[in-house]
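One chain, chain A, appears in both complexes that follow, with chain B as partner in the first and chain C in the second.
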Partner chain A sequence: MRKEYREYHFDRMVQSIIHFASLAYDGTPKEAFGMFRYAPRFREAIETILKTGEPGVLLLKMIDKYLIEVLTAHERGKKIALCTFNFSPGVLKPLDVVPICLEPVTTLGVMMWLRGLGEYLNYCCEIGFTETSCSAQRGALGAYLAGLGVKPDFVLCNSIGVCDTNATAFNFAAEYLDLPFYQLNAPPLLTDERSQKYHRQDFRGLISFAEEQTGKKLDVDLLREVIIETDKQDMIMCEIEDLMRLVPSPVPGIFNVFMYSAKYIYGGSKEATDVMASMLEVAKRNASEGRAGTTSGKEDARAFAVYVDHYSAQLRPWSWLDSKNISHLGCMMNGFWPVHAPYAEENLKEGTYIMDSTNEDTMIDSLADQMSRMPMVKQIRGPYDDPHQWLSDTMASIRTYKPDFCMYTGTIGCRNTWGAIKILARDTEKMGIPTLIIFGDAFDHRITSWESMRDKIDEFLTVRGILK
Partner chain B sequence: MIVAGCDVGSLTAKAVILNEGKMLSYAIIRSTARPEESAHSVMEKALEEACLSFDDIRYTVATGYGRDNIPFINDAVSEISCHGRGALWLMPGVQMIIDIGGQDCKAIKLDKDGRVVKFTTNDKCAAGTGRFLEVMAKLLGLSLEELGTLSAQARNPMDLAAACTVWAQTEVIHHLNNGTSIEDITAAINQAMAKRVAMIANSLGVERNACITGGVAKNVGVVNYLEKLLGVKLKKPPRVDPQVIGALGAAVLAYERLERNKEC
Partner chain C sequence: MLNEFSEVAKTLSNRFIQQWKDDGKQVVGFMCSYVPEEIICAAGLLPFRMRGIGASSTSIADTYFGPVICSFPKCILQLAGEGKYDFLDGIILIPGCDSIRRIDECWRKAAEESHGKFPPFHLYYGVPHKLTDYSLEWFVAETRKLVESLERHFGRKITPEDLTHAIKIYNQGRILLTRLDELRAGENVPISGADATAVIISAGVMPRDAYNRLLEELLQKLSRSTNGMTGKKRLLLAGSIIDDIDLVRLIEASGGIVVADTLCFGSRSYVDLVEEDGDPLVAIARRYLSHKLCPRMFGSYKERLEFMKQRVRQARVDAVILQNIRFCDMHGSENSLYERDLEAMGIPCLKIEREYGPLVEEGRIKMRVDAFMESLNT
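Moving on, here comes the complex of A and B:
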């Protein structure tokens, strides 16, 4: 790692950028856009977020608050847990633990920094990771392993059996930083009684582990607050997703990433609910005016990403789709599977969860069910075409949102999906949905540049007659 | 009605001039760092060949990586579409095009009406592109043509294990040092190249009516191995350099668009 990178703490730098960006709209729009002239390196990403108005501002304020909580956790006597993204952070609040949601923090870095997180990604390789280890961790984790951020107290992982490169990264971190480690396991099936029982017991094991680390008991009143707030968020999210079924979709494409960011970083908190409620207002307004969620208000095509979005390159993928009047209808990261989700068709209800605040046991079971259905944990735990997994979920999203095309971006590091994408694409093509596979890393633009990916998407849209 | 097609690729720029749907001339030059400069130079060369000037051209379509930066064009069309159109114009009925350019390799499938229905390109690295052959030819001190023809004289064709261009060089140097004949090494190089391309073509499903275009189509060694691996005889573009198919397709599209505009 270059010397100058060792001079500053990564998480502090990300928080500073987000903090000042979140203040931009406290003045007049003229002042805000005047200020952007002085932030050429962050301008594109921040403008793309703030262009959405109140939801963008609330999102940035929410992320800022979250990052401050991480940075000040130890001062406030709280423990810090290093977590996977597909981990409902709500459970940690009643345990008095602050999570570092590793992938979302990597995402913030790659979205905001013009040069990406190459130095931190490389650092992981310098100390023992392989170059094909998951880049979603290597970004922020490189900084934490180099001591350029707060020091976590323990590690919680929810990707074993789901993604080996992800899970081993957390294992590596625990070993390297000499931290206690707990990993939730994902059996290959989801809805059978044995798996459900396993998940609920496993989750109780996680709570006991965290209680041991903090010396505090789970606060049941706080847990109830989290459950009630999570339920509210799920209802709003389902309403937004229901609006996405309209043609044109009134939901701005970038709202999908706002939605899952809010869930991953602050699921179960009031701040996340506010962000979602604000998005819902915008979407409803667009719907009442018959406008698409794109800047032009028109929709020429509808896109669905069967895996993750592409986060590097300052949010350009979203701006580009928007400039082409393409409604982005979300990706696998949006598939949380609450019971009211529009894609949870009758025959798939078994794969959903509910938030039940009746008593401590039902609340813990609710969170355990939610954790076992988090994006990726649900879809890629076993064979791609098993019930309630990747193929079935993708088909459900296609039937619900009726996209004109599907996209996949991934690399060898995304082993569980990279290994099956060609057969999944064959199946979606059979359904009549043109499907594009791109070799590209969502967190590392050095693998395939956005420009090169954009050319490929453009070519695909032309050749398949999707955009005339 | 004179129209032009201009294809500014990563290594070479190509231009084709058509008059009433018949080819008048074409030109190929090495690309420079500026696409607009490459486009201008190659067009000038093709026009000179046909004793014409820029003013004579009624419509120009550009394609290739640099297509959006060319100031004098009427339209820009994707490479896949141009290659498909060019190949179909020269070889009616063709259903699959394997195009191996300087820095990419594509397989394109057409339906019975000549519409592009599917395509795939190489990713991850430059193995399986013209660049691989250039590097190897330079290493052996051969021209690209010799690299193709010499492999037919191989007595004990060997195998290159490395897919990576740089590591394949190391392997070739090792074989040179061991006294392996140049012919056997060229056979290994062409075979390695053909294997990479065959994998890309097979991923789309090979059609019987397939053709090969791009600069590498001139390498008989690669083409022969590829035919063996795919189990089909590959058509080669008649009467024209296989490198200019993209530019030709662009010119055909220019002609068709001008005709359509006239009808409107």
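Moving on, here comes the complex of A and C:
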């Protein structure tokens, strides 16, 4: 890692950008957008977020608050857990633990910085990661391994049995930093009694582990608050997703990434609920006016990403789709599977979860069920065409949102989805949905530049007659 | 006799399999050491550890698999697509790692499109990544399902006695292989690493009772041997799978001798025994799930490091070669931790990334190993 990179605190850098961006809208829109010319390196990403109005501002304020919580956790006597993104932070609040959600922090870095997180990605390889390992972890993790961020106290991983390269990164971090490690492990099946029991026992193990690390007991009152808030969030999220079924979709494409960011960072907390409620308002307003969620209010095509979104390149993929009047209808990262989700059709209901606040046991079971259905944990734990897995979930999303085309982009570390995407794409094509597989890396623009990916998508849309 | 093992290890099929098939018996393939061979054997079937040797392209496999996938499962799928696994009557696949697990759907799709080249029996067998009381309970149930599936498809009841008998045979094989390790650990090494690798690989591709007999004879011969190899740098091989004896030969051509390993096709497959008391099915499940020597068992690095150190001490190893197949992040990343910890103990390590398959990178690997050996000798 270059010397100058070692001179800056990573989390503080990310937080300061978000902080000042979140303040930008406290003045007038004219002042805010006038200010952007002085921030050429962050401009595109911040502008794309703030263009959405209140939801964007609330999102930035929420992220800012989260990063301050991370930065000040130790001085407030709280323990910090290094967590996978697909980890409901709700459970950590009643355990008085602050999570560093690794992939969302990587995402912030690659979204905001023109140069991306190359130095941090490379640092992981310098100390021993393979260069083919997943960039989603390597980005922010490089900073933590180099001692340039806050120091986590322990590691919690929810990707064992789901994604080896993700799990390997967390395992490596635990060994390298000599931190206690707890893994939630997903068996290949989800809904049978045996697997459900496994998940619930495994989750109770996580609570015991965290209690051991903090020396504090799970706060049941706080747990109830989390359960109630999660339920509220889920209802709002489902309503937004329901609105996405409309043609044109009144939901701005970027709201999908707002939604899952809010869930990953503040699931079960009021901050995320506020962001979602604000998004719902915008979507409802658009719907009542018959407008699409795009800037022009028109919808020329509808897109669904079968895996992740492309986060590098300063959110240009969203602004480009928007400029083409394409409604982005989300990706696998939006597939949380609460019971009211519009895609949870009748035969898929058993793959959903509910928030039951009856007593401590039902609340813990609810969170265990939620955790076992987090994006990726649910869909890619077993054979792709088993019930409740990647194919059935993708098809459910296609039936629900009726996209005109699907896209796949991932990371070069994703053995799991790269191992089955060609087969999945054949299935979606058989359903009549043109599907584009793009070789790129969602967190590392050095693999394939956004411009190159954009041209491929553009060509695909033309060749397949999706955009006239 | 070494030629016999060498012949078996260097070819996909072998005379033992041919004989087995001629006798009207069936063969079930598997790709990962977490598949309990004892159960397949107890069903009167021949468990066959699948390999990708001899694949000269991955054109068929690439039709199904995406890029950035380990070439080991790709080579296996390629061979199957070319009809070279036509002697298999079934296959058991597991989530050993993400590349291995995805051969499940690729295999099924390829089978749909290549009539007759793929075996009729196909089972996905879940193996948890951690050992707890509840994961063991889950795994025992999964193993019962495996038994039932084999019984249903192959029409033969697997009794506790069958399982007990199979456990004894396989434990015996493991004990014999441990004796081979002891001989290799001696001052005068009676067998080269390449030949020892051939002997070990053969365990997975021929009937185990016949194997045990051959190995017993070999061990007697080796223990009487007086012209062992001395004075060479003693190496331990670790990391991703090595089922290619020519790779070991290439490493030894630089002047060292491989006296130990912590490989999946190597010692990891035989260091622990199945308990011979109690419910045999539970004992089998416990042995396989307790097996933490593969990095797929996350959170157990320290136990693996201890195992490595133990092997280094036992075989008086001078240096360790840590290799990983490209896209094998689990071994690749863990090799770096080994390198850090072993070097700190004064054990020199060479960390190398390679491609699976024919020695397409022979020159590069040879140059790296030569330089490493030179550094050991100065």
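A few comments on the model shown:
The definition used in the following text is that the second predicted complex is superposed on the first by the 466 of 468 C-alpha atoms of A that agree within 3 Å, B and C clash if a C-alpha of one lies under 4 Å from a C-alpha of the other, contacts with A are read in each partner's own complex, and residues count from 1 in each chain.
What we mean here is this: a contact is a pair of C-beta atoms (placed from the backbone, for glycine too) under 8 Å apart; a residue touches a chain by one contact, two chains touch by 3 or more.
Just so it is clear, the model here is predicted, and its values are computed rather than measured.
With chain A as the common reference for superposition, the partners chain B and chain C occupy compatible, non-clashing space.
With both structures placed on the common chain, the touch criterion links A:439 to chain B and to chain C.
Contacts of A:41 after superposition on the shared chain: neither chain B nor chain C is touched.
Touched residues of chain A, counted separately for chain B and chain C, are more numerous for C. Looking at the shared chain after the overlay, A:129 reaches chain C, while chain B stays out of its contact range.
The superposition-derived angle at chain A (between chain B and chain C) is 70°, Cα centres, a multiple of 10.
Residue contacts after overlaying the shared chain place A:448 against chain B, while chain C stays out of touching range. In the superposed pair of complexes, A:462 makes contact with chain B only, with no contact to chain C. Contact with chain C, but none with chain B, is seen for A:421 once the two complexes are overlaid on the shared chain.
For the pair chain B and chain C, the minimum alpha-carbon spacing after aligning on chain A is 5 Å. Residues 422, 439 of chain A are contacted both by chain B in one complex and by chain C in the other. Chain A makes touch with chain B in their complex at residues 422, 438-439, 448, 455-456, 458-460, 462-464. If you check the complex, the residues on chain A that touch chain C are 127-130, 132-134, 157, 160-161, 163-165, 167-172, 174-176, 181-183, 185, 187-189, 194-195, 197-198, 201-202, 205, 382-385, 412-423, 437, 439.
On chain B, the positions that touch chain A within their shared complex are 65, 77-81, 116-117, 119, 121, 123-124, 203. Within the complex formed with chain A, the chain C residues making contact are 63-70, 95, 97-99, 101-106, 109, 124, 126, 128-130, 132, 134-135, 138, 141, 295-296, 298-299, 301-302, 324, 326-330, 332-337, 339-340, 353.
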